[in-house]
Amino acid sequence: MQKGDHELLLTSTITWLLLLALTLVTYAAAQLGVEGKWLILGVLAIALIKGKLIIDRFMGLRWVGSFWRPMLDLYLFTVGGLIATAFLLP
Amino acid sequence: MGESDSPVLSQQKATLSMTVPDSNRTSCAITTDYPPGDVAIWIFILAELSVFALLFVVYAFTRHYNLELFDLHQQQLDSRSGLINTLTLITSSYFVVRAVAAIQYGNARLCSRWLWGAIALGLLFLLVKGVEYQHHFSLGIGLSTNLFYTFYISLTFFHFMHVIMGMVILTVVALKAGRGGYCATEHTGVETAASYWHMVDLVWLILFPLVYVMR
Amino acid sequence: MQYQSQMVAKPYFIAAIGLFVAQILFGLIMGLQYVMGDFLFPEIPFNVARMVHTNLLIVWLLFGFMGASYYLVPEESETELHSPKLALALFWIFLVAGALTIVGYLAVPYATLAKITGNDLLPTMGREFLEQPTITKIGIVIVALGFLFNIAMTVLKGRKTTVNLVLLIGLTGLAVLFLFSFYNPDNLVLDKMFWWWVVHLWVEGVWELILGSILAFVLIKTTGVDREVIEKWLYVIIAMTLITGIIGTGHHYYWIGTPEYWQLLGSVFSAMEPIPFFMMTVFAFNMINRRRREHPNKVAVLWAMGTAVMAFLGAGVWGFIHTLSPVNFYTHGSQITAAHGHMAFYGAYVMIVLTIISYAMPMMRGRAAANSNKSQVMEMWSFWLMTVSMVFITLFLTAAGILQVYLQRMGGDAALSFMVAQEKIALFYWLREGAGVVFLIGLIVYIASFFVGGKERAETA
Amino acid sequence: MSGAFTKSMARNIFYGGSAFFIFIFLALSFDTVRALPERDHRENITPQVALGKKVWEENNCIGCHTLMGEGAYYAPELGNVYNRFGNSKEAIIGFIKSRPVEGNPGRRNMPQFNLSDEELEAVAEFLKWTSEIDDANWPPNIQG
């Protein structure tokens, strides 16, 4: 293992810790009984950021150009958007 | 693992026209058209993700029309086990990333060890979820109890089954890795299994806030 | 044709076409009864005509599947059929049993048929599509087992290709799932629930494997594309079929007394069912675009493309239209179902059988790889006549169905009764009957194409 | 390694995926069968209801009518006919009995099946039992 490899491992380790931290934020929000549509959407946004981290860093799609990465990004945005719509509906 | 780092690797890769050197995976800007692992698993992943997407969206809209029911029963869920399971799956996914990294340097034993670690965490997930189910079932709660539980059990059980499926795949790959079935130049199987496992994780990362937290 | 025993497929194909004609004639009778209620009453009541129409369809498609198997399995396995004699014997048993059953339907009242055939001993009759007397059902099982044995022995002894394996899995599934037709409990809900294990898991499950493997075979032969590529996609497509289709059974469990969670699961999974059909369309066109040679049998390629497109439209699109439970609540059991049924069966199963017949028949009739141009042009005419008229049948039935739902199921207290609503939409039934006549003309042209240009040779053999 | 798309992986997904979904389907079917008694009121399936179902089948009623939306679309839905006929078995029996042998000219006709009184009672009882199945409130209205 040389310099570049350590960099890669470091990236994935940081990603992992970031995911753990974001999860705890979500949980704390739940414990504090976060109310209100915008805060709830914050929780959703965190979920989508986590999803993006998984797709790019863990699944390794960050360097995949055509089709698969756009597909999964589209997936996150569509699902996230539709869920947000449902929660924002009056 | 740039080309300069692994001369043997890049030499072998250069002979395969379909593949793109792994050097792309460091921060240089060249991209590839192929995802890690076998394309067939990615078609499958896309199909599975679509099913979950439909379930999530239908959940969100059904909840909108049954707010009180959903809020009431959602509060009865044990969000601590949800938290533990999220942390478990994320860590397990991370282990799998390490396993892939290990085999890329040809360290099959390390790869297999990380995979077994991921499988053990999968088992922990099943255990925690199983205790949760046990609690529900002891109260006589089932798929037909009410609309919320129809969704809750459909979604989580379907995901639960995917965890089992993912563990089966990981086990097959871990055993093969332990036997030395993969090497630095040929480890599509490990990447294929890893991609599937990350998908299981990805689904849970949306499922957890949606079903346990958002109200 | 490389193996002599492939010839046993010929009588199967001829019988299939013969029964197809009868099926269409009875379809026209029913279509007329829709608008002239007393037509042929009481000699051939509607329920008898329908039973003949649907059962003939199933039987001739089975003849087609068996013929297809007898034709392609030896070629794929690179060995002669295990027992051509058994194949021929089963052909006659199946044909005679089928014919007797149809005669039974027409000659005596159904209740009498039930009595004669001993329905009391093991009541299985009188359920949609499974109207056959119990003894006929047993006969079907025996024929299916003999057929499977013959095919399996051939596959075991020869080369095992993906096409063969998938076909064998499909045929085994067909035979095994048919056994549920013997389960007929007093409890209507259980009866209906497991009835779908035959009907749905056939047409939206194992039959699609048969369809896929026949299509793959014809594509391998006519395009010259690498077998590895075609077989790979075959696996992906049938995987998608079963992934979506098995739990997709739930879209039949909305309103028959089964728990309401099926509305969620059935909707979600069956909404995905168009995907494998879409993949099949893309796959077929892709393979044909990547073809490495021009096969002289152009009309067989046309049928193959037609199958891919019409299966997607009929099974995929028209299925999706009414598969979501909130929609299905209104459309269930209306003419929309009939519209979907017609195009799906034609697009997926009728056309795949006609594809393999179109591909195999010229060779079995000693005409080298293809019929003469004259004959092919005529067959192409029949393709377009039948296909376009089927599109119109579907459109007219869809229009009738939308109106029916609107008049009969919406509008609260002002909703019309069934019979009144039927009278209001009679125009569309007339139009459907007209399209049906065109379909029959197409079928006649199809049969005529077998008898023209026999002396001429195909342009490029 | 990137760029692979192999037949063996496609095959594994076919076998694995199919087995997976068959298993889930069987589990759901098991749950359904367990949940049914509360919905189908099987305690009310008397020998008479069972006979009624047999009469229904042996005269191929499904060849014209739908029952809970399944069957042919030539004649009215019968899953709720008991309610449509004013919760009356007599009305059902009277209707079946009164079909003219030669039919009404120009109209869709139901055959005269010459059922015995016992069979008529049974089929009416069967249709009554059917109307009481919990079928998620289908059809949308009384017209079926």
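As written, the chains take the letters A, B, C and D, and residue 1 is the first residue of each chain.
Quick note on the criterion: contacts are C-beta pairs under 8 Å (C-beta built on N, C-alpha and C of every residue); 3 or more make two chains touch, one makes a residue touch a chain.
This is a predicted model, so every value here is computed, not measured.
A.B. asks: Identify the chains in contact with chain B as well as chain C, in label order.
C.D. replies: D
A.B. asks: Which chain pair is joined by more contacting C-beta pairs, B-D or A-B?
C.D. replies: Answer to which pair has more contacts is A-B.
A.B. asks: Provide the C-alpha centroid distance between chain A and chain B, rounded to the nearest whole angstrom.
C.D. replies: Comparing mean C-alpha positions, chain B is 14 Å from chain A.
A.B. asks: Rounded to the nearest whole Å, what is the centre-to-centre distance of chain B and chain D, using the mean of the C-alpha atoms as each centre?
C.D. replies: 42
A.B. asks: As a quick test, compute the distance in whole Å between the mean CA positions of chain A and chain D.
C.D. replies: 48
A.B. asks: Provide the list of chain C residues touching at least two other chains, using ranges where the numbers run on.
C.D. replies: Touching at least two other chains: 232, 235-236, 239, 243, 259-260, 265.
A.B. asks: For chain D, give me the residues that contact two or more of the other chains.
C.D. replies: Expected reply: 5-6, 10, 13, 17, 24, 31, 35.
A.B. asks: Chain pairs that touch, all of them, please.
C.D. replies: Pairs flagged as touching, ordered by label: A-B, B-C, B-D, C-D.
A.B. asks: In the complex of these two chains, what residues of chain D are touching chain C?
C.D. replies: Within the complex, chain D contacts chain C at residues 5-7, 10-11, 13-14, 17-18, 21-22, 24-25, 28-29, 31-33, 35-36, 39-40, 42, 45, 49-50, 53-54, 56-64, 66-77, 101-109, 111-113, 129-130, 133-136, 138-141, 143-144.
A.B. asks: So in the complex, which bits of chain B are touching chain C?
C.D. replies: Touching chain C: residues 40, 43-44, 47, 50-51, 54-55, 58, 143-144, 150-151, 154 of chain B.
A.B. asks: Which bits of chain B are touching chain D when the two form their complex?
C.D. replies: For chain B paired with chain D, touching residues are 13, 16, 18-20, 32-41, 43-44, 142-144, 158, 161, 165, 168-169, 185-188, 191-192.
A.B. asks: Any idea which chain D residues touch chain B in the complex?
C.D. replies: Listed in rising order, the residues are 1-6, 9-10, 13, 16-17, 20, 23-24, 31, 35.
A.B. asks: Where on chain C does chain B make contact in their complex?
C.D. replies: Touching chain B from chain C are residues 232, 235-236, 239-240, 243-244, 259-261, 264-265, 267-269, 271-272, 275.
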